């Protein structure tokens, strides 16, 4: 499975961090630390998880600190993709107190948001352990944060669906409707227009639609909002000629059963749009 | 109360929208619509809420559509700050099918994320109806989205705490510790350094700390993680000499009781870092 | 075939145009026009092709003019993807003389560069007429201009290969070497790591390599620098189980013969890195 | 002659490189290397020229590598402005395999494009060896890349014409037409309006126009599309009172003869808009 | 008083410096140094003040130099907030001659502009020595430079007023007029709308207005253009219930007398919009 | 003379305006107007000059208003380059009260800063009326604002010196020193390296230096800090072979006498680095 996790491009991390620091520091910086904390004060503090979870975003926390001061030392205890229990130390920071306190909130905001997504993803991937199925996210992401959120899904053991409208075709009901409901023509038209590196997915809501779609050889078939019984039948009909993806109403209660229908992929929008933050704090040592 | 809601600065909206569209369109645009949908096809569709909630972000949805095509007509039914019931129409879009389908996801991502925050805020503000208390957010926001999320809190009937490290002093335990625990000196030092337009807030965890803080006239006192009994006592001790703000563990179950202690402000981090998306869909008419 | 051509995202066009205008106008603007041409002078002029070619980039020319003055009227005679003969009018501009003369060079630079690529692509697509083969470009593009150059290839009747390192896997000899030469393991490892929407291509230089690759079901096989005889044999071996792509030394003299070997795709780097500009001029009427 | 070559401003190089890396890496990075190449694998490879040429852009290649990993060591064998023969090593890279393979294409795209221009320029400058004439480029550059392309011309032993509309006056036929054909008035008007650091060039197509222009003391006279005989006569008429620049149809066949007419400058648009890429490859050692 | 001065955020300094260097270096860099100064020439030079003043902006000078070459050594003699006499050395630079000469003007432009503001502020703060009054700036700043100019005021011993329209309420006559002249209602309305961390200031021109404003408890009262006699009376009326700020016509001649009226704050627009540059030069050693 | 004034490039104006509005509006916008002014209130107000001056920057004021609301009508009474007397109306604004009040300060900051420079320039150009001399600025500008400040000098009847290090050679004493004091070699070296469109200026402090410089035909000679007597002698020595530029200590008292020495150009740094703001106000009608 996904035993390695490639880091995000460095310039991308730096831009996210600078943008978030600008947002928090404005034109003056941290009024509190710069007035109440002596410039030469040092500090040692640990980022500690308050909950069980899975870490993602540690490079962003580190970059936040190093952007504020080259003198902050960041010791990482839990790398992206690792699990944490309540009370466990994720990283230890030591160095100038002003820099650490000024960067605390931005660093934790990144780490908490991304780890929240990784944690939710890990929960689902744990639930389907042993099955030959992939857990994926969707394009229902927080605007502007897609690169980070897709990465967090990978950190949680999941896989990414397409990144945008530009790297995959996904024919939904409204696209098909625009071609008079002719699902096969929709697939053929799309294939005739896009490059040979682009996969084509088609959404079907019924087995009748599936029957019409299959002869046109879509790469992936999205089986939307089907019962487990119907999914089992659909998987049999597809019979390995396309990747079978289930979506709709997949959560902690339903994931295992849906995965057991034999689909290749389950996709969940809420991993990226509604997973709560992982609760993390900075404890001064 | 908050009966008017000033719109966000126009250039700020435009930048957010262009950034999110870039993220979704990449260098080619929407492969699916541009291959499967005829260039001259038109469409009429409604943004419909699937849940009860409060709307925020309608200007972003509109700007998404108008950025993709000037020919999309956007009829807004629910303005920011208005409540919606399941099945109610939020806005109706008509115009070029390609533009509407290409912008659907980005538009809904903005609207769903912001309305999710507005909905959570509205729930809490409803719970404290009739009390002279303000519901506020914190700096625990999604990195890069603070302006939108703070706005969504306002749309939900809440108020904003400081926007960043730059527009208010907040002395927390670690700041005070750095000055040897001398809470009064921390307040006095901060006041001596910052401009006269900046308010100074100090966090206290105990009534003993409160006693030490009060003679130094902080503008706001953050009563952190206190029981309702202690909060009542604290409010009496403060006696209007400072704004009393309660924080820590404030949720749907506890909000009313905490608000009834007489505090002026309750602040909740989860409104912005963990409120789930409001479920919205685009229904073709 | 590629009978429709979807336009580039509008914000992307605007950024390219503003960047190029900045480059040419600097901090003062056009010293010549602003000193020698009266502010109220008007002009009518045609963009004329000096050579046979295929047009791409007309929206950029138009945006250049409208950015300089809303009063310039741009009548397009040849849309992107259309052929031109020497002397034919591509577009006619009328309006303020200063704006038209100030924008002339930037507009023609875009149009000439992109049309040069479209023209080269069209030459090759014409050569393979009647064959079931696609002409594609590569990642050998001018840094920063990939979106425009890939679009120009589409305008010339070609198709796009992957857009970057992010939207497709391409295993080349050095990747395979890093895994000890085990071509099958390289394919399997890649498939285990990337999302289900990502296609996997593998480069083979010999039929022996092809034999080793085929059982691992790559989506595309790049047959690199093979003779036509070997290509024919390779196509037979592949037998429809993967897309067969030929590359290496494909030019006006060899394209037809290579295409006739039965490969599905021919890919050419020089379309985007070395195609000369299409010669276009602005003739005052 | 041009025996030294000042490097481009560092921040400018960094922006070009980051922009091009973004274009290639997108939001995920290099899917192939990160899945197929172990994170700790190292590599040594040489950038080798496949053709005879002149190098430009080596700092961009180096910056590409260092942006991806500080651990890549870049040994430069051929600095900008140096000649290369087929098979010669331009630079040797050693370090993390993932970084080197991920940066290969972007690095070579910069180096190939710029070296292509330097090579074309060097060919022309070689052809006019021994003559007191300068080879220059024009504003016919690839949009957005002018700084790099003008630099590449310098690397090839050429000189730069004006950089944009902002740093020199160039009165062409259409400007003159707008002033009723009065070439002298055009020159005088321009001189009256622009700063004393700005040079004024005027284009003439005939000796009659030259006669009218000379008394108004332009700094440079562009002799456009004249035969060698006419150029000789024009140079005699100018007699050192202005810089004589020839343009139009100057190529490998005509350059020497045109330069021998005694003009001070020959300017060639195709150096920057149509010079093919220099063929370079990365050979793993 | 203001005995410590927190530095500006590092990313903010870098952006200002890169923007200013772009402005001066353009697409080619320093034509003079790169042609006339050997690449390996070194230099030692001192930044010397020609006048009495107060320094601000030394980090920007240093960043200018380090952006051009890591090999420039910058020895700072006068840190921000320190006084200088004519002829005194502010900093000594040693390293590559090209870098130092190329960065000289941009570095001095930052340092001179900011030190000019610090010097003007220091003059006024010196004039009010011994009084319990603060000298502040306004929003009358040079567009785009507010962060630097507000910082320079702090370096000169002054304090900052609000940073923008976003971090404080300032009700002026026209706002009040829009509410029918009802000064109390204006204050109450504002308070009902803005967050609890935002201070509310109201401008009054007469004691009658002051009488109407006071019962509504504004945080600050701006006493605009009043005589010293009226100011004294106003201060007595306010009696510590709000911060009393005087503005209008405060200069070197009037500052002391106005400060002696007992106001808490004097605010001066000209510190940031009209203070002349501090005259500084670079002397080669 | 300078009877026409070409406007600044539109995209450049828009970027300056958006940057300045961001600076003032932050993430929330105008707290005061949005809370105290009804959304539907309208306003009519005039921008009035409090002093005698010359206007520059009216397009920036207009763009500020239109960026905030398309419904603001801006009637311009005094275009850039026109003179104003105290009390005269520069422009009249009518439309939404919130937009006008929110944009007031940013608009006036642009207009006041630029008009201050235009006014100072106009004073000097008036003083030298009737003489064949040009008043120019230098590179001593406010960092980031050079395009606007150079434009303001043109609006005041002055001319621009070079815009940066990139569009002209200026050999100063330190450059010459680096070549062993050989002023002629410095000129010759520079000419051999830079393009034929670039002018070369050399600074001389004495007539002896002038004697050494003249045979090398610099385009411009900067006569630095010379007395009027020496300037007269220098002008005679130059005798039209180069443009003679005087600098150093040129102010309202000395400008006429220096101009009368016969120099072609007088250059003044303080026009851009120390001219005070023109005092302008917004009067509600």
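When the chains are written out, they are named A, B, C, D, E and F in that same order, and each has its own residue count from 1.
The criterion applied here is as follows: a contact is a pair of C-beta atoms (placed from the backbone, for glycine too) under 8 Å apart; a residue touches a chain by one contact, two chains touch by 3 or more.
Note that the coordinates shown come from a computational prediction; the quantities given were computed from them, not determined experimentally.
The set of chains in contact with subunit D as well as subunit F comprises A, B, C, E. Of all chains, the one whose CA centroid is most distant from that of subunit A is F. Overlaying subunit B onto subunit C using CA atoms gives a rotation of 120 degrees, to the nearest 5.
Among the remaining chains, the Cα-based centre furthest from that of subunit C is the centre of E.
Measuring from the averaged C-alpha position of subunit B to that of subunit F gives a distance of 44 Å.
Separating the centre of subunit E from that of subunit F, both taken as means of CA atoms, is a distance of 23 Å. The geometric centre of subunit A is 52 Å away from that of subunit F, both derived from CA atoms. In subunit B, 4, 23, 25-30, 34-35, 146-147, 160, 163, 166-168, 192-194, 198 are the positions where the chain touches two or more neighbouring chains simultaneously. Contact topology of the protein chains: fully connected, every pair of chains touching. Note for the complex: subunit D touches subunit B at residues 23, 26-27.
The touching residues of subunit F, when paired with subunit B in their complex, are 18, 21-22, 25-30, 34-35, 39, 67-68, 98. Put simply, subunit B touches subunit F in their complex at residues 4, 6-12, 146-147, 150-151, 160, 163.
Residues 16, 19-20, 23-38, 41, 43, 45, 97, 101-102, 105-106, 108-110, 112-113, 116, 139-147, 163-172, 174-179, 186, 189-190, 192-194, 198, 270, 273-274, 276-277, 284 of subunit F are the ones that touch subunit E when the two sit in their complex. Only residues 1-2, 4, 134, 136, 159-163, 166-168, 192-199, 201, 220, 243, 245, 264-265 of subunit F touch subunit D when the two sit together in their complex.
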